[in-house]
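Each chain gets a letter, A, B and C, in the order it is written, and its residues are counted from 1.
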Amino acid sequence: MIEIKHLRYAYPAVEGQEPAAVLEDVDLHIEKGSFTAILGHNGSGKSTLAKLLSAVLLPSGGEVLVDGLSTAEEKNIMEIRRRVGMVFQNPDNQIVANVVEEDVAFAPENLGVPAEEIRARVDEALAAVGMEAFRLHAPHLLSGGQKQRIAIAGVLAMQPEVLVLDEVTAMLDPEGRREVLETVHRLNRERGMTVLLITHHMSEVEKADRVIVMEQGRVVMDGSPKEVFPRVEELRRLSLDVPGTVDLLYELRRIGWDVPLDALGVDECADAICKFLQ
Amino acid sequence: MEPIMRVENLSHVYSAGTPFQKGAVRNVSFDIMRGELLGVIGHTGSGKSTLIQHLNGLLKPSEGHIYLAGKDIWENPKEIRNVRFRVGLVFQYPEYQLFEETVRADVAFGPKNMGLSGEELEQRVRHAMEDVGLDASYLDKSPFELSGGEKRRVAIAGVLAMHPEVLILDEPTAGLDPEGRENLLRCLKSYQQKRKSTVLMVSHSMSEIARFSDRILVMKDARVLMCGTPEEVFSRTEELETAGLNTPKAARIALALRKRGVELPESIFTMEALVNALAAKKGGGGVC
Amino acid sequence: MLKDITLGQFFPGNTLAHRLDPRTKLMVTVLYIVALFCAKSFVSYGVMALWLVTAVQVSKVGYKALVKGLKPVWFIIVFTAVLNLIYIKGTPLVTIWKFTIYREAVETAVFMILRIAMLIMGTFLLTYTTSPIRLTDGLETLLSPLKKLHAPVHELAMMMAIALRFIPTLIEETDKIMSAQKARGADFESGGLLQRAKALIPILVPLFISAFRRADELATAMECRCYSGGEGRTKLHVLRFAAKDYLVLALAAVLTAAVIVLGRMGL
């Protein structure tokens, strides 16, 4: 689905400064229908990667292929942007229209889709994020979680192949965060939407198929959550959180308990502890 | 401990008929003790933000009273600006209020409005910067070339420099990455302890509140649901969950373990306490 | 307090006033304004009032919201009315202390208040019943002949739509920044003109910075949603004149003509 080969990116040099490399030799292959999480703290290059996927930025070296189309070629850009739906951090700054349904219609309007089909796409996209009832509402009166779901509907209306979510929950309260994550997981599960979730919240990636950890523009870990989370020391060195359950199991192991480190869920973790106590 | 602030039967209802009815406060009473860190938690729209804007007189109560060191803050409305210096309020995303050319000038804005100048002003700016963990090399930089986390600290320093008797922060860690959160919270805790200052912190994160607060106030639907020490509040884990509030993960694991027949004290809410309790368990033989 | 500003707000609804083609509403509003400026007597103002009241009734917007929209301009209205009262001479009416108030002055002042108030209420009715996107769509289509002269009609319409979309957001933001600076002891209420102007800096600087950041992020988000200018764009709502549009337009034209004729007759 997405092929990233030896990708390098440096922001253009500011006067009197060396161009700072943000991404160095990133090689990734994203499977169709997968749910991939990209973790890293601020400045690890994860948001730059997102912008390279949708051809907002172009590679300084290497290439990004979306369904075989290279982002470096001018003629591909529109098609790539249609296939890669991007949602950003601040919900207020990506909603264009004053009425929900007109905002969702923005992308298909840009693509020159005929009116009746826009109508169908808008209704479908709003249903997909569970916001049909708010069709005629003004976006600025909605909650953060609802706005973010509208933003997701807005890209779904392009009928993209992959959804790239760049720290979409960073500005939301726990409730909004839950709403948005549930929506994204449902889209992945029920519609086979390929999802790339970029975040610095560990708790959001527990249910991903694959976790990629980035640091200083490089991929430093890549595997399933059960493979990545038990690497507690490494994660802490990268100043990333460890899920509470893994944290507990890790501490228990340090005092000599023989418990597995990969029991991520609360119940799973409790079971593991019980098993040991018996 | 004696209360430094007392909120008595506070009610605030937004003008009826507007769509902004959310966030009202109804008949709220509680005390803020001198030198404590009081954590406030609740859903968006539970009235937290409205509540804290009353504490420094930005909003006027529809009913009820707010006492600062025993005196009603609205006794003399002309003095309200003075109350704002004594009760420092840091809003959500405070970095959006930075405007001066240098960090020094921005931090000095509050104390300057208080009429301070010269050596005293400079001293306050430097101390405030120390309190938020930034060294003097930042003073001459433009606030706009700093990173997000640094900007946030500078903005907080701008309030600390007024030497408020009570510091109020509305979600100080919102939007920061885990490292930034941890650092900021440690700074605030050490500020509270070192300066013997009173801090009230609103947060969405139960685990933050659990780890750093001396007492916790839980708001729900414009009212106070609970108020007490973390032990008291988190021993009511199930009640909190029914109210739709997150509980710290340690409390949730402890609950899951209790349900499986592991005997654990009710008051566990940090990982540390849970590890200790479990370690003691193993020593005393398995129960499960 | 800034939340009281209702400029550019839209109240969704499904009345005839909401369903009319935005172009019809724009043209009716233009006719209404023309008529308003031709009205010279109580009779013609009566016709105008009838026009406005009918429109308000049909739209179900409610007079409260309309009057609220007048709030920010009350001062200007009263101020100009008072100036009129003082400076216009003619037949003396009453004398209070040293000032003589003339009949003509009262008339002019009353008409002026009516004119400004009705002008504002009429245009507000347009924005209250038309979503900004429909409004700008309408404007873009009405002005589309100008595209042949290479006028950037689409770009202007898009800019207007975005500006209207961000007005509530920026107002809310201004409120927040004001509170935050007040909490740091900023004083916006006292001092001379210069001091007050200076007191605005702590509000304006953060507001501009935030507006630029928003603009930047919005531009990226729009690009990511395949925006590339007006060419080849389609619309969710295709504008189509229906029978009701022609009827309403005809009615507005008749009313305007009537007011002009009345004016000629000196009424």
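Keep in mind that, in the parts below, a contact is a pair of C-beta atoms (placed from the backbone, for glycine too) under 8 Å apart; a residue touches a chain by one contact, two chains touch by 3 or more.
Note that the structure is a prediction, hence the values are computed from the model and not measured.
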{"item": "Any chain that touches subunit B and subunit A", "value": "C"}
{"item": "Pair with more cross-chain C-beta pairs in contact, given B-C and A-C", "value": "A-C"}
{"item": "Furthest chain, CA centroid comparison against subunit A", "value": "C"}
{"item": "Cα-centroid distance, subunit A relative to subunit B, in whole angstrom", "value": "30"}
{"item": "Whole-Å gap separating subunit B and subunit C, where each centre is the average of the chain's CA atoms", "value": "43"}
{"item": "For subunit A paired with subunit C, centre-to-centre distance based on mean C-alpha positions, whole Å", "value": "42"}
{"item": "Numbers and ranges of subunit C residues touching at least 2 other chains", "value": "none"}
{"item": "Subunit B to subunit A touching residues, read off their complex", "value": "19, 43-44, 147-149, 174-175, 177-180, 204-205, 207, 244, 246, 248-250, 252-253, 256-257, 259-262, 271, 274-275, 278-279, 281-282, 286-288"}
{"item": "Of all residues in subunit B, those that touch subunit C in their complex", "value": "18, 20, 53, 56, 58, 81, 84-85, 88-91, 94, 96-99, 109-110, 113-114, 144, 158-159, 162"}
{"item": "Interfacial residue positions of subunit C with respect to subunit B in the complex", "value": "3, 173, 176-177, 179-187, 201-202, 205-206, 209-210"}
{"item": "Subunit C-touching residues of subunit A, taken from the complex the two chains share", "value": "51, 54, 56, 78, 81-82, 84-86, 88, 90, 92-99, 101-102, 105-115, 118-119, 122, 136-138, 140, 154-155, 158"}
{"item": "Subunit B-touching residues of subunit A, taken from the complex the two chains share", "value": "41-43, 141, 143-144, 170-171, 173-176, 200-202, 239-241, 243-245, 247-248, 251-252, 255, 257, 266-267, 269-271, 273-274, 277-278"}
